[in-house]
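The chains carry the letters A, B, C and D, assigned in the order they are written, with residues numbered from 1 in each.
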């Protein structure tokens, strides 16, 4: 395909996707369903009504997707005190100040707010809150009209936005700094130092290398990380002229891995060494896949096994079988639950973040390595936040100082992600 | 150019999916759901490639009478049996009582449950080798694993309850390890993973990491 | 004696898989081959009905119907793009235009990168930092779900969490050599990681034993007992 | 080569044999054991016990048959307890086989002697909404409207026609959510979406492997309680007052753990005596 034609095609393609998405409007959500409570309460004759709660703030929920109104009130003076103990509050809504009103929800005593998540955007609603004490009840005055709507920025997420931006910018900054030739120190990672040796060993023994990219599909970033490491490793394998066996459990992973391995062989100058059958599909089923991989292990006796990607319970079945045939095993995953098993049964394990760093390490490209320095800045932010936060809280808690405590709470809430 | 277009798609879509988190307004609030549906559809198309590959390799093995070719015959026959039973069943292929369901219950389920269950043996053999007091790190692994294992089962009830203790020392220790030092390690790993993911995602979106796309043919 | 062929087949396959523990043998190979073929067929059929039919066809068909009979554009038309992406994936089968399959792949990887960027940042990163921020010791209870720390063990535990999380992060530093004070902290970090791994391992043993109990329960209480009743 | 050298290089099949026997022997004896209840289980049961009759409980069965030995006992106990105390159950699954596991629990509960005289009616006292594909997005859809995720129940009834669901629009109408989870999607997703975004009160039963991942949520109050593995199931059986399989199997568990621990001790003694290890485990990790 010609240059211009295909890029036009590509933009058209993206354009289609986004205009398509814009067409997909929300279907209106039908509102209001709780009505049984309302009729029950209206029929009652108040004998000894509690002092009513009064509406405080009734407003559209800010920074949300619409269809929701926030109602808050000032507690009834009888709530938790007085001779008329309040049992609950019932929130009523109508599209007209004169009614009919219907109950849209309730809140236990002591609570002062309610989210009415059943509104239709653009319609004006009126609210009041009823204070219930046993068989008696009293109403607040009716609110002014209020409409719900959707906003273009989720204001509650602004802290998260800023944290994300800071980390992204530091990663990008160091990528560019490294590209310009700034020298970076990187510590050694034992598992990666051993990769060449492990491939060399398979070559010497004349046995194949097994590569397992985990059992999730390309919609998991661990699989993507595993495949990018495969790209680096496959180049070395091509250079050594060793046999690669890569059974997979997802078809898209198969397609992707073939492209990657093929490119690695081309880059190593040995395109004739590549064959599609190096990467082959078995089954999507987790344990069917493991049964087959175990079979391959005991029959072909690979000298080296790589497990890099997202793993579940199959991790130990494979690693123990690999151990029993005496293979050198290098594993890496960001599944915290499986790390202990890889650590116990494999020779080297890339722990969590190290898996994501591996392809950058192996590539040796300055741009890639720069991003690792950016990650370290992220860690520094996290460490500083933890130290400062714990320090503030501890001092506040011991000295019992109100102002310090509120400072600590404010600081902590930056990381609440809501 | 065959590499540039995919890179553009990756960058644009990636950034759009980051931004959608912060935009509650329609249509951005539907991005995630839509992508999940699309992905399932793409995966359902791609499985044809995988299935054809499995069948092709099995048939070749039988044709060339390679070692153990007989088992490839079983693979092909099982695949066809399941596929035919499934397609014959129509949309309600999983309804209890159908052939598909029978195969699932009596063959598929015991096979997968047993494959999962042999892990019990491997857990024992792996812990035998790994839990050795070789150095500080290995000793900590050993001690933590040992104590938690003791607290998980009835040792408290067997050893300490007869002494009339209310207190369950082994469970308490086990809970303490799980709730504090274990949690600390988990958190460090989790925060590290978050940063690793962010950085990898950025490298992908910026087009620096592109080996998954293969060559430029 | 109750003869249920299903139970006998299940028992035969259960023992077949278990025989692998002794060594590879024809019994295991038969069980394995059945497993691969059957499960691959299962997924093939399931994805066809649950994704291609239920997601693609059921959304697309009414939308196309609305478009051609009433001229309405509905959200379901978006599934047309998904269908095209799926077809592009299948173009792998035609070597000359196989490269087009990189487009849906690029879309999948791009969307994954974007989604997981934000999801991991929030759930694994920011919220974990939030949860780690707590008083080490002190009698003041505070809103936001922090319980007052009054007993020594709780305080010690919180201190362990702080030190462990902090030094664990030090261990993960890539751009600084593990030497001197920094190296010492990283070393403490690895201690915490090892405790975590040991504890999780020990905690899991039970789960794995449970699975085996399930299978043995089937063999003893369903199969063998069934033979004699 | 002395005895301890032989122990270091022991063929792992001996370990397999001992583990197998340690499970089989106590199991065939069928002895019920006494056990005490951990705070994680107590926390969950406390909330569950205090739900007033008529409360709506959402149960999500997110596991498949391989994990049933661990999760089925707690699910059985939870379902049976709910029926006995007039809690209304809304059942669903994020795993394709989950709702079928739920049917097993329901059947066992209905067949039990305690519920013989009680009328438990489908659609009124409980409903099974079945499986829906889409992982955490299903939970997200349920956040705005359950109907968006489940148009019909597992028996093909329309959502609108089911009496128990009449006043159930979304999570705000649910009093308690119970999640039985063996992995992804599971407790983590329920916490991240249902609890963090929609303030659902959530209790979880997890496989022992998943449980450590849920501990952080327990500490932060995002979970009211956690049942971990078969032990958690057995404790919950004791708390609810029903004892069944998990309680019996705990003795097998104890024996198997004892064997594993014994082997570890022998391995360490052998290592100390011979002064070397043959394992390839990296020395510094």
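Definition applied: a contact is a pair of C-beta atoms (placed from the backbone, for glycine too) under 8 Å apart; a residue touches a chain by one contact, two chains touch by 3 or more.
In this text, all values refer to a predicted model and were calculated from it rather than measured experimentally.
Under the touch definition stated at the top, chain C and chain D share these contacting partners: A, B.
Note: the chain lying farthest from chain A is D, by mean C-alpha position. Note on interfaces B-D and A-C: more C-beta pairs are in contact across A-C. Measuring from the averaged C-alpha position of chain B to that of chain D gives a distance of 18 Å. Averaged C-alpha coordinates give centres for chain A and chain C that are 13 Å from one another.
Rounded to whole angstrom, the centroid-to-centroid distance between chain A and chain D, based on C-alpha atoms, equals 24 Å. Work out the mean CA point of chain A and of chain B, and you get 16 Å between them. Residue numbers of chain B whose C-beta contacts span two or more other chains: 2, 5, 9, 12-13, 16, 18, 21, 32, 34, 37, 39-40, 42-43, 46-51, 54, 68, 108-109, 111-113, 115-125, 127, 129-131, 137-138, 141-142, 146, 149, 152-153, 178-179, 182-183, 186-187, 189-195, 197-198, 200-202, 204, 212-214. Residues of chain A in contact with two or more other chains: 10, 13, 21, 23-25, 164, 167, 218-219, 221, 224, 252, 255-256, 259, 281-285, 287-288, 291, 299, 313, 323, 336-337, 339, 341, 343-344, 351-354, 357, 372, 375, 378-379, 382, 417. In chain C, the positions touching at least two other chains are 17, 20-21, 29, 31-32, 35-36, 38-40, 42-43, 46, 50-51, 54-55, 78, 81, 89, 92, 102-103, 105, 108-109, 111, 113, 116-118, 120-121, 123, 125-129, 131-132, 158, 162, 165-166, 169, 172, 190, 193-194, 196-201, 203-206, 208-209, 211-212, 214.
Within the complex formed with chain D, the chain A residues making contact are 29, 33-34, 36, 67, 105, 115, 117-118, 190, 287, 312-313, 323-324, 336-337, 343-344, 347-349, 417-418. In the complex of the two chains, the chain D residues touching chain B come out as 10, 12, 15-16, 19-20, 23, 33-36, 38-39, 65-68, 96, 133-135, 137, 140-141, 208, 212-213, 215-216, 219, 229, 231, 250-251, 253-254, 256-257, 259-261, 263-264, 267-268, 271-272, 277, 279, 281, 283-285. Contact residues on chain B toward chain D in their complex (touch as defined above): 32-33, 36-37, 40, 94, 109, 112-113, 116-117, 120-121, 123-125, 127-135, 137-138, 142, 146, 149-150, 152-158, 161, 168, 171, 175, 178-179, 182-183, 186-187. Put simply, chain D touches chain A in their complex at residues 12, 66, 144-145, 166-167, 169-170, 172, 183, 196-197, 209-210, 212-213, 280-282, 284-285.
Of all residues in chain C, only 6-7, 9-11, 13-14, 17-18, 20-21, 29-56, 59, 78-79, 81-83, 85-87, 89-90, 92-93, 99, 102-111, 113-118, 120-121, 123-126, 128-129, 131-132, 153, 156-158, 160-169, 171-172, 189-206, 208-209, 211-212, 214-215, 218 touch chain B in the complex they form.
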